[in-house]
Amino acid sequence: MSKARLNALSDGVFAILLTILILEFKPVNIHPGGLLPLMLKQGPLFAMYVMSYVYVGTSWLFHHDYFIYVKKTNRTLNILNLFLLFTVTLVNYAMVLIIEALTNGNHLDIQIGIIVYDLVAMLISFSFLILYRYLEHHPELQNFTGIKDHYSRIRSDPARSVTIYGASIIASFFSNILAGILLIGGVIFHFVAYLRYSQVIKIGVKKNSVK
Amino acid sequence: MSKARLNALSDGVFAILLTILILEFKPVNIHPGGLLPLMLKQGPLFAMYVMSYVYVGTSWLFHHDYFIYVKKTNRTLNILNLFLLFTVTLVNYAMVLIIEALTNGNHLDIQIGIIVYDLVAMLISFSFLILYRYLEHHPELQNFTGIKDHYSRIRSDPARSVTIYGASIIASFFSNILAGILLIGGVIFHFVAYLRYSQVIKIGVKKNSVK
Amino acid sequence: MSKARLNALSDGVFAILLTILILEFKPVNIHPGGLLPLMLKQGPLFAMYVMSYVYVGTSWLFHHDYFIYVKKTNRTLNILNLFLLFTVTLVNYAMVLIIEALTNGNHLDIQIGIIVYDLVAMLISFSFLILYRYLEHHPELQNFTGIKDHYSRIRSDPARSVTIYGASIIASFFSNILAGILLIGGVIFHFVAYLRYSQVIKIGVKKNSVK
Amino acid sequence: MSKARLNALSDGVFAILLTILILEFKPVNIHPGGLLPLMLKQGPLFAMYVMSYVYVGTSWLFHHDYFIYVKKTNRTLNILNLFLLFTVTLVNYAMVLIIEALTNGNHLDIQIGIIVYDLVAMLISFSFLILYRYLEHHPELQNFTGIKDHYSRIRSDPARSVTIYGASIIASFFSNILAGILLIGGVIFHFVAYLRYSQVIKIGVKKNSVK
């Protein structure tokens, strides 16, 4: 089966997610003269939005590069991809939780919001891990040889990301600020991991001289 | 006519549906400290969301595989496809009904929500049935020969699915829980039917040695 | 310039429109036991939704067939297409006006809703007319010869559709029911016109023996 | 890397933006007979919608033409494109700010709305500038030779657009009407700049005789 429609569906989901994140925290029913104070108060919320955009964008970059390796799709890969899209969709939900909690300012609510976001991030890492493992064991779907080699370099990344998000969950029982920093750190880690990973792809493509 | 745009439109509709389902039950205006109890209470609603995601995802898988069989489209197939997309769009509406009914907890409202979802599911089965029949009788649109053979194996699936959803409607007059289980059973049945059906496609493609 | 991206953007806009129409009239905050009476009351609203879906779907069918004729795009065609998408987007707005007016039941509000819908429909017919005329006068963008011949048969369609919607506007000053019937008649007219028009395309393609 | 998925993601984001702008100012809960006065009052809001549609549409036209020049994409271009999409997404937010401010009529709120829109517009110009510069310095990604020549003609456009939006910000401290005119002028300037720029592309393509 061609991977064209899998990519079309996935690009659609990513495009919608990237676009609707901003819709979640728009000011409505502002009392006259209240726009500026409201926007200043929304600063941390906007930071959450930027973080979520970077996170979903990075997930797209990973997805994009992963499917360069994929020659064709099959039933199982289609289903695994739908599971991945499901987990990415949850980012919007987790972001709204944190935004709502930050708005009412309750310590417990903020903690729960951060924990849910951490769990969603773990789930996304897990679903990517399954995708990588599946491709690794199905050479008939691969575009290039030597993928195993490259995977060995990034193999420990999911474990690392689980460690960061796990630490954020534990930290949330002591300090929401520390937990939030670890959460943001996890997202930054993904982006840096992408920069490393895409470098690996480049080498792989060159070594095998395929388009 | 090429089927490229039909697929693009369909993938767009499926992508939007998969992404906006989650938007329907986000917590808003939580009173301070009320996030955790609210989320626990939303458990059954989240189950409805997961079920709907699986249902729409399975529909995409069926749609995806169906159009592997299709070489090109024509006016009638475009229109039948728009009708199919219409019925799939209604899943969001039916899900919201059940979520609203579960939130206010009224027995009659929940029953109506389940019945509407059952009717929508029957309509989707019906619109897929029309698509299959149409392709079966238009060899000029087919990608492979021998489709009739394969269809004969899955021919009774729509009848089965109508039986399950019909049983759920009847059961709803006695017990919402039983009706809900039958509804979920119907969605699982679709997914299992897909796994069987896609196997059939694989054989068909191999037998005729086409890409 | 290739028409691939023009089509991708257009299919995206049509897909979103077809999917979000249903989001406009979902029941929220139902008082316990109030779901069934609410749904029965929403019957006319649902009819408006079905009509709008058929209208947008028909517009996609026209757009789809039009671009079979188009070999490549240029700057002006891109801009005319953006204008067409703009007018189609307004269908959602007009539908919401009628739904809101039907909900509050005010005679004047319903009249205004119908008139706005009529004006939007005229605008869509007008933007399609411009697209047809532009292609007619730019043979370098055409896929087949003999288009002029075919256009001559459908040339009077826009004038007819303007007549129907104009009659609906005038009728609205006497009877909203008559105006509504004419509006629905206009949408049905478009669908029938499509069936005639697509027949014309088929002939054109065959005559010139091009893919 | 092929640019197919970058384009698919971008077209998805642009399509969603173009479609959801209209969702922001629909009338809800109209009191009976209040539809016409409400719509008349919404005139300036509708103007903001049309302006934003033209702005996002023009951005798509620029994006479309830019990627005609691009033969293939790479990691950095993917990331720069995600940044561009981020800035375009903010148009919806800025439009809502102005709409909310115009609705409550407060002078200070309107000024802030205009300033935010100006800043978003500057950010979009900036992200396009980065895209142009990047391609200019990476011949291996270019589709045609002689791009440098063409860029030299449009090089001063970003500076001009920053000047207009900067003037609008300064003007907002004296008169919101003047600031608004300058903002609209900036959007019109972009559209006119596009008409000039796309002309340049045409010449470039012809000179090098590439499809």
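The first chain written gets the first letter, and so on, giving A, B, C and D; residue counts start at 1 in each chain.
The definition used in the following text is that a contact is a pair of C-beta atoms (placed from the backbone, for glycine too) under 8 Å apart; a residue touches a chain by one contact, two chains touch by 3 or more.
Every value quoted in this text rests on a predicted model; they were computed, and no experiment measured them.
State the chain with the largest centre-to-centre distance from subunit A, centres being mean CA positions.
C
Once subunit C is fitted to subunit D on CA atoms, what angle does the rotation have, in steps of 5 degrees?
Resulting rotation angle: about 90 degrees.
Compare the two sides of the subunit B and subunit C interface and say whether they are made mostly of the same residue numbers, over half shared, or of different ones.
Subunit B and subunit C contact each other through largely non-matching residue numbers.
Taking the mean of the CA coordinates per chain, how far is subunit A from subunit B in Å?
The computed centroid separation for subunit A versus subunit B comes out at 27 Å.
Measuring from the mean C-alpha position of subunit B to the mean C-alpha position of subunit D, what distance in angstrom results?
Distance between chain centres: 38 Å.
Which residues does subunit C have that touch at least 2 chains other than itself?
Counting only residues that touch two or more other chains, subunit C contributes 8, 11-12, 15-16, 20.
Considering the complex alone, what residue numbers of subunit B touch subunit C?
1, 4-6, 8-13, 15-17, 20, 75, 78-79, 82, 85-86, 89-90, 92-93, 96-97, 100-101, 104-106, 108-109, 112-113, 116
Spell out the residues on subunit B that touch subunit A in their complex, using ranges where they run on.
Residues 7-8, 11-12, 14-16, 18-23, 26-36, 39, 53, 57, 60-61, 64, 67-68, 195, 198, 202.
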